[in-house]
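Pasting the structures here.
In the two complexes that follow, chain A is the common piece, with chain B as its partner first and chain C second.
Let's turn to the complex of A and B:
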């Protein structure tokens, strides 16, 4: 582990913190995906609260205050909490959320009782247990980081080795059971992986805030990737970045590490929910606005084209009356069409230019083709059962089928 | 004339149990038990902000500040969920740590040492409840009793006045929507009541006991009864038992009173889980056994 710390171009204590935060981020991110996708995010909350009495009991039993012993206690308590949660749920009467709440509150109460009991026994060793509430990166030892590294390696190896089985269990437990996978054992294994991540993070982030470290990288990564094989490594990377930047920021500002890391992580989620390509809120809003604008412009094009056949060219005011579109929308559509060179003007009167007329015909042809598809689609016998794209039927069906659709339509027009 | 210190502590905890117990059953039945956890953590930045802006810890501004952040918490969770990109459990798990983290940073940066220390907000110092007193009509009484009594009464009023509405929205949200009762509105009202209860109880008993009193007694009561009013009564009763038992246990081993009360509540839940006459583990084992035996005799008779 020493050479790794030497590799990082920071002074020794910062390098230790960076390494620890990175290990935490990678593990919590990768493992958290398994909880988030099963919609069991808050199990992480209950488990990290459950770790607190484990830390206290380990201290009471061994009298040691080195992180490794205390974290072993945390892991045991976390596992007990996990099993209790499953047990309470399985009785059938208590729903998952109440089971999570009961385990969380009970274990944390026990932790508080033990914490205050230890404080009241006036053991000079006891200072430091409170770090496990809110997390404190400062004072981490190289040896602790080495233990974290081993745990992280174990967790990541388990995820990698069991990837196929975990994936099947995540997305289709019934199928997983049918092909002979031990579904129940796999679900417990996923919870145990969560416990490993919590044990790594308890010292850095603290029991109360640890859940965000499990959930945030997973949610952020999910916005950018649609395949589990991509989401898990991406979540690990995001977690590592968040952990390192948060821990460094906190140690510079000399504030508890947990809150800073959590705020950075949640900030990451907000940004990714807003801007993620294709899924993000802003991205979707922009696409919606663009589609609306395009459809409006096409509608006005068609209005103008049909108006030509009905009488003399319209003025903008007449068009507004005839089409019953809001004045502002119409002005905007005309501006768009002008910019695209599709309009000619004769004083007040509006004409379609040559490209404008071509575009209007294309729109009309598309609409006609769609109507034909709705009417005669089944008669085509397209081998692909997917619903084609209504905005561009010709491209999604292919020219051959589009021409046949036309033929069918003409035939239907001829024979009433 | 004054109240005895022990009595004050027990009364304070009992009033928390009453205030929380009136709301808890609805949270458990609506499956939003964990929203109470989220909301009671999320009020911390409200308390800190009021302290920073107004320099006061007077109950009224603090309650208003906390209620504002409770609403922010609920709205933020709903906003995240409504994008369709984040499931509701993940939204809860993101919003409340963020708000709580803000509060923790605020406390450690600006308000440390001035009464607002973090430990007491988390696990509370109910032992200090007797020291802050007000005098009403020559009778010196702890401030926490007055405040929590008021909150308990307000919760009682909320639950009794809107009993029918809450019952309908809890058990059949679709039906209540069709007869013009909005489940979302009532849910929000419930969570605001949770937030006000949480923040009033915060300084006297700490966040964790509030969460415990909101969830654990109600979950225990749910194992014991099928009727809503009975569930509320049992919940409050379990809360009082926890308050009494926890106080006794804590004085015996000299540990956090709030923590011990939570622990007694957990023990009550465990007892209900094992020994409930209808839904307990024992009762179920007996039922299964009897059913198996009946089946066997029926098979033997048929042969």
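Let's turn to the complex of A and C:
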């Protein structure tokens, strides 16, 4: 472990913290994905709260204050909490969310009572247990970090080795059972992995906020990756980045590490939920606005094209009246069309320019093709799973079928 | 009649109950090999439960399942299963190709890479359900019918002689239903045994070979023409329209 710490270009105590935060981030990020995809994020919350009395009892029993001993207690308490949750659920009368609530509240209360009791005793060792509430990275020993490293290695190896089985179970438990996977055992294993991640993070992030390190990297990674084999490593990387930057910030500002790490993590989530391509809120809003604008402009094009056949060219005001569009929307569409060079004007009156007329005809053809699909689609006998996109049937069905649709339509027109 | 071939799926004395309430009661059923069979019955008749319990996915109170004459535990490689799609999280980060590859995991081992011959097999399965152009898509981007095609491709990839499908036509457009039905006929003609949970009697009458009419108990079983007589259908569906008490009385005998 020493050489790793030497590799980090920081002073010794910072290097230990950075290494620990990295181990925590990678493990919690990777394992958290499994919990988030099972919609079991709050199990992680309950387990980290349940770990607190374990820390206290380990202290009372052994009198030791080193992180490794206390975290062993945390692991045991976490496992007991996990079993209790499963047990309560199995009674069949209590739903999972209620079981989570019961375990979280009761274990955490017990932890607080024990913490208070320990603080009231005259044990000179007792100072510092409250670190496990909000987390404190400073003061971690190289030895503790070595234990964390082993735990992280075990957890990540299990995820890598069991990857296919885990993926199948997460995606489709019924199918997983039918091909002979031990679905129950795998679900228990995933809970055990959560406990490992919590044990690694409890000292640094604290019982109350640990859930954020499980959930936030997973949510952020999912925004950018579309395959589980990418989401898991990406979540690990995000977790590591968040953990390291948060831990360093906290030690500079001399505040508890947990809240700082969590704030950084939440920042990552907010950014990814906003800007991620395809899934991001802003990305989708922009696309929706663009589509609406295009549809509006196409509608006005068609209005102008049909108006030509009905009488003299319209003014903008007449067009608004005839097409029943809000004046503002119409002005905007006309501006867009002007910019695209699709309009000519004669005083107040509007004409379609040559490209404008061509565009209007293209829109009309697309609409006609869609009507033809609805009427003659079954007769086409499209052999595969291609599905028509109403905005562009030709592209979605292919030229061959679009042409055949045209032929069918013409044939139907000739023989009414 | 002395040399009857081994049935594709045989269920013996299967009973399943949820909190002391029987969902399936003493069901004996046998589905012929090389046929397209249907499990039909009213809502709540236990059709899906029959498949799940037969595969050991839910606990049963007793009973035995044989796939091609062997206990299901030792015959997992002989049966492919297409589960209902309503419990799936469609936002799951997975591509169409990966879903179909899942059908190969049990055969290739849960650790090894998907090799070239496996990849070719996956391609062939995608081709067969008309989804070749969609391999790289996210499963959530597909329509209901396309998703069902992918699940069937995954079952094809298992290369098992017996295929169990749970409501494959639910939430599927008419075009997809027709092409899935055509595919099932092709598989049957190649010697496969297809067993389909379905609720539409008309389709079963016109397109299936064999039917099991179920309402908690077996009402009738046999070639479609013999099993789905008006009298049998009334016996299966009639109880469901009466009050709960009468329905219970009818199975309590």
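To be clear about the criterion, the second predicted complex is superposed on the first by the 415 of 416 C-alpha atoms of A that agree within 3 Å, B and C clash if a C-alpha of one lies under 4 Å from a C-alpha of the other, contacts with A are read in each partner's own complex, and residues count from 1 in each chain.
Convention: contacts are C-beta pairs under 8 Å (C-beta built on N, C-alpha and C of every residue); 3 or more make two chains touch, one makes a residue touch a chain.
In this text the structure is predicted, and so the values were computed from the model without any measurement.
Student: Tell me which partner A:226 touches in the superposition: chain B (first), chain C (second), both or neither.
Tutor: A:226: touches chain C, not chain B.
Student: Touching A:137, do we find chain B (first), chain C (second), both, or neither?
Tutor: A:137 sits against neither chain B nor chain C.
Student: Applying the touch criterion given at the start, work out whether A:387 contacts chain B, chain C, both or neither, answering first, second, both or neither.
Tutor: second
Student: Tell me the contact category for A:260 with respect to chain B and chain C: first, second, both or neither.
Tutor: In the superposition, A:260 contacts chain B only.
Student: Contact-wise, after the overlay, does A:307 reach chain B, chain C, both or neither (first, second, both, neither)?
Tutor: A:307 contacts neither chain B nor chain C.
Student: Taking the superposition on A as described, I'd like to know which of chain B and chain C A:168 touches: first, second, both or neither.
Tutor: Only chain C is touched by A:168; chain B is not.
Student: With the two complexes superposed on chain A, say which partner A:179 touches: chain B (first), chain C (second), both, or neither.
Tutor: A:179 sits against chain C, while chain B stays out of touch.
Student: Tell me the contact category for A:378 with respect to chain B and chain C: first, second, both or neither.
Tutor: second
Student: In the superposed arrangement, does chain B or chain C reach more residues of chain A?
Tutor: Between chain B and chain C, the winner on chain A residue contacts is B.
Student: Between chain B and chain C, whom does A:113 touch in the aligned arrangement: first, second, both, or neither?
Tutor: After superposing on A, A:113 lies in contact with chain B but is clear of chain C.
Student: So which bits of chain A does chain B touch that chain C touches too?
Tutor: 39, 92, 222.
Student: Please output the residues of chain B touching chain A within their complex, sorted ascending.
Tutor: Contact set of chain B toward chain A: 28, 31-34, 36-37, 41, 80, 83, 85-87, 89-90, 92-95, 97-98, 100-102, 104-105, 108-109, 118-119, 122-123, 208-209, 211-212, 215-216, 218-219, 222-223, 250, 253-256, 258-263, 265-266, 269, 273, 279, 281, 284.
Student: Can you list the chain C residues touching chain A in their complex?
Tutor: 19, 52, 55-57, 76, 79, 81, 83-84, 87-89, 92-95, 98-99, 102, 105-106, 110-111, 129-134, 138, 143, 145-146, 149, 154, 158, 174-176, 179
Student: Hey, which residues of chain A end up touching chain B in the complex?
Tutor: It is residues 36, 39-42, 44-45, 88, 91-95, 97-102, 104-106, 108-117, 120, 130, 133-134, 208-209, 211-212, 214-216, 218-219, 222-223, 255-256, 258-260, 262-263, 266, 269, 273, 276, 279-281 of chain A that touch chain B.
Student: Tell me, which parts of chain A touch chain C in their complex?
Tutor: It comes out as residues 37, 39, 92, 161-162, 164-165, 167-168, 170-175, 177-180, 222, 225-228, 230-231, 377-378, 382-387.
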